[in-house]
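Residue numbering begins at 1 within each chain, and the chains themselves are lettered A, B and C in the order written.
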C-alpha cells in the first residue's frame, strides 16, 4: 500500500520477534474512500474478524477517507483496537474513545492491606508480555508507562495500557500502572481511572505534595466518571530527597505502600548498587521505618539478575529481615522464589497462633483486652497476626483447622 | 472461711513458689461484724502484728462489717497493707489512702545526668523480687506497671508499687516506675508522684505531645501535693514512628534519657530481633543521635538471654561503641557485666585526665578558655570529662590523687 | 633590645624548627623615636628590604615612637607585614589595614560544582606550610582559623590568613578558610571577604540559622567593599544535632557541599572513631543523603594516619562507594591517593559516554528528550555525565576525541 500525504501515523510494533501485536500505518487523505490492507499470519482464521473491527473503528470516527495498512502478528482485538485508535486520534485530534466492552473478569477491587509479596513489571507498550502474565500468579502486575516505554511510544502506550486494563485477564493480580513522573504523569490518569485500575505507582516521588496532586486528579476523574472504588497509591522512592521525605509521603492519603527503586537511587547518590547494599542500607531502613510508622507496606527494589535464583533468595531473606513486605520482579520466574521466602515461616506462624488464640479466648470471655502472659496485645498486633494466619492458610502452610489442633496440642 | 455475697475481692498472689506476698479474699457484707482469718507461715512470730495491721486498716476505713481471708507467704507490712487497701477500695470505691509512714531512706533525689549504666526491671505486682533488688546495686530499679503486669492485676499493682516506693529500701538506686501507655498511664501517676518517684518511664512513646501530657499531669500533682523535687522522664522508643520522632521526644522537658525497646520495635517492623541487630541498626543509631543532639543519655534495650554472660558482654561492648550510655536488665546477675563494660576504659580515662588537667591549668592562669594543643575545648566537653573522672574514681578505676600523679608523670 | 613598658606585643613564632616566619616584639613608648632591631638569617640578601618594609609600616600608622625587635626566619614580605601589623594594631587599637598589593594570580573565582576531591588543611598561623601547599595540586586549600590555631594566636592568625589570601600563590586550588564557630567566627569574615576567599568552612554547624547569619555577614561585607563574586559555603557537620539537621543546612543558600568531621562527631556521641566506622555509618549516610537531596557535594572526614597509604586508599574506596565526592587531607602526600581513588573509574566513564552520546544524538535530531534504551534521562543526569567526561579528560583518563572513537567502536 502506498501512502501519499505527509501526515502518516506509525503505531505499534513490527519486526523480528514481535508477536501478539500489530503495526498500523495510516493516513487520512481528503479523497479516496476507505482503503484497508491487512497482512496477518492468522488471516485464514481471523482475517474477516479483524477487517470487521478495522471498519468498525473507522466508521465509529466517521471518516469517509482513510488509508490503512495493518501488519498483524497475532494481536488480540483489544491490541488491534488500541493501535488503530491511537493512529486515528493522533491524525485527527479526536478525543473520542473507542472502547470494547470491559471484561467482567476485570472488575475486581483490592483491599488496602492485601498481600503484596510480588509485583511483576510489564512494559506498557508490549502486549505479548501482558497476555499470560496473570498465569504466573504474581500478587500484582504493573503496566509500566514510565521507564519501560520509549519517549516516542508514550502516546500509543496509554491506549495499549487502557485496553489491557479493560480486556486482558490478569487472574486476580492487583492491577497496577506506573505513570510517568508528576506532573507530566497526571495526564496518564485519564486513561486509567475509568478502567478499574487498582493502584497507581508514582515514580521518583519526593514530596507529599506530589501525592496530593495525584489524589486531586484521581478524585476529579472519579467524580467525572462517577466511580466509587478506591484507587490505591504506591509512591516509589528513588532519590536521596525522596528518602529523607519518606515519612510525609508514607502518611499521605490512599498510600498503601512505598516502594524503593535502587537503580535510580544509587545513581542519584553518584554511586553503584552492590550485592551487599551498604550504599543503600540507610535508604532502605528509612523507607521501612517510614512505612511501618505510617502503618503501610514496605516494598523492596527489583533484583535484576533474573538468572540467579540463589542470589534472589538471599536477597529476599535479607529484605524480609529488614522489614520489607514484598518486592518488584522483572521476570515471571522470580515470582515463586519471592513468594516462598517472604511467606511467613514456622516461627512467625507459631507466634501468630498464640496471639490469635489469646484473642479468641479473650472474646469468648467477654474481655476487652487481649493478653499473652502478662503482656497486653494491642489491636493492630492482633489484626496483623490474624492476617498472617489467613495468609498461611491460603499458602497451604497452615490447616484451616489449626485452632482445634492448637487447643488439643 | 465462707464468702456469701457476689462481690468478693481477690487481691495478691498465692500458689506454688509465691513468697514475700499474700493473697486477700474479702467481702463487705451488710451484717456480721469484722471477721478476719489469717493463714500465715510466720504465724508464730508475726501473727499478732499482722492481725493488728489488718484491724487497723479496716478501722481506718470505718467498716463495721467485713469478712477477710488473708493467706500470707511471708509478706512485709507494706505488702500486706497494699493488698488489703486494694481489696477495700475495690469493694467500697473509697478514694482514701492508707499509708504507712514513708521510710527516711527513700527520700533521696537524683540528678539529671547521674550515671545510668544499669536499670533493673521488677514486675510491679511481684514484691518478692523487689525486696532484695537494691542489694545488687543497679544504678536504677524499675517498678513496672506495664508489660510485666497482667491486665487483671493492673489495679492492685499500683498499690503495691506505691507502697514499695514508700517502704522498700533500694539502696540508693534511682527509683523508676514504668507507667502504662499514655493516655491510660497518666492515671498511674497519682500513685507515684507523691511518693518520691525519681523517674517515670513512658512506654511506646511516639510524640513530644505524649511527653507534654505526662509533664502536665506531673505538674498538676506536684502542685496538689506541694512537691518541689524533679521527676525525670525516660521515654521508651519501641516503634518505627517513635524512632522517626526521636529528636522531638528527646528535646522535651524533663527528659533525661531515651530508652529503646527492641522486642516491640522489631515486632512493629514485622521482623525479628537478631544477635547482629542489622534490623535495628538504623533505629539504634537514630535514638543515639537524637539523645546526643538533645544532650541527654541513650539507653539500650535489655538483653534477654540471662544465662549467656559472654554474649551479654559483647552486646554491651557494641552498645557502648555505638554511643549508648547504659541498658536495661532483667536479672540481677547481668548488672556486674553491664557495669564493667560500660565503665570508662583506660583510653577514655587518659583522655579525660588531659582535658581536666587543661581545665585546671586554664583556671589557675585565669584563662576563660580551655585548650588542648591548639584545639579549644568546649565547656560541655570539659564537664563530661570531669564527670568521667569522678565516675572512674567512684568505680575504683582511678585514684582520687590522680592529678598529682598526672603532673609528676 | 630592651623593652621598657608593660605593654609589649609578642606576635608570630620563633624557636626550633620555625621557618618562613618571624617573631615580632614591639612596644609603643611615648618617647625614644623609632628603634628597630632586625635579626635575620637572610640579613645579607634581604636585610635592607625587610628594614624598608618595617619602616614603611611604622610610618603608615604614623607612629613617632616605636621599639621593635624582629627575629626573622626567612619570612616573606606578606608574612612579615602580617606580624608587624598585628603587633601595631594590638598595641594601638588602630583599625587601619596595611595591605600589600594583591597578587594578580590570586584573583580567580571558583564554580559551584567544581571538582572537590581533596582539600588540604593548613594551620592559619603557620606560613611555612602555606608557601608550597599549592605545588601539590590539591583541589582546595583550607587556611584554618579554628582548631589548628591556639586561642592565644587567634588574633594574629587573621592577619596571616588575610595576607596569605592576598599574596601566596595556591596554584589554582580553591581558596578556602575555616572560620571559628558561629557566632564568634562571624568576625573572622571581615579579614576574608574583601580578599577573594572562594569558600568559607563553617565548623560545628547545627542549623540553617547559623548559615543564614554567615550569609548575612558576607552580604554586608560584599556590599561594603563592592564585591560581586560568589563566596561559597561548606558547613562542617560534627555533632549529632548537626547530623539530624543536615538537610536544612544542605539546602541553605550558597552552600555547595557539607563536610563531616568525625573526630568531633564521635566525641559528641561519647564513643571512639574506628577503622570500620560502624559508629559513624548513620551520620555519614545522613550527610550523603542530605547533600544529594540538596544537589550539592558530600565531603568526607580527614584520614588521620598520614603514614598508611594503603589504609587511606581503602578508606577512599569505601567513602566513594557511600556517595562521598571528596575528603579533607592533612598532609600533601595524601593528595595523590585521594585523587586516584575518587576519580571516575572505567565503569563510570563508560556509562557517562553512553549518556553523553545519547544527548549528542538527541540534540542532533532536534529532540527535546534524551533517552537510553526506553529510559528517559533527566537533564541533571546528563549534566553530571558531561561533567564526569570533562573530568576524565582533564585527568588524562579519557581522550578528548572519545566521541569519535565511541561512534566507531
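General observations
Throughout what follows, a residue touches a chain if its C-beta (ideal position, glycine included) is under 8 Å from a C-beta of that chain, and two chains touch if they have at least 3 such contacts.
Everything numeric here is computed off the predicted structure, so don't read it as measured data.
To fit its Cα atoms onto chain C, chain A must turn through 120 degrees, a value rounded to the nearest 5. Annotation: the chain A:chain B pair of sequence copies touches via predominantly different residues, less than half of the used numbers being shared.
Put simply, the C-alpha centre of chain A and that of chain B have 51 angstrom between them. Multi-chain contact residues of chain B (touching two or more other chains) are listed as 281-282.
On the chain A side of its complex with chain C, the touching residues are 123, 147-151, 153, 239-241, 243-244, 267-272, 274, 278-279, 281-283. Across the interface of their complex, chain A is touched by residues 247, 281-282, 285-286, 288-294, 320-323, 325, 347, 367, 369, 371, 373-376, 381, 384 of chain C.
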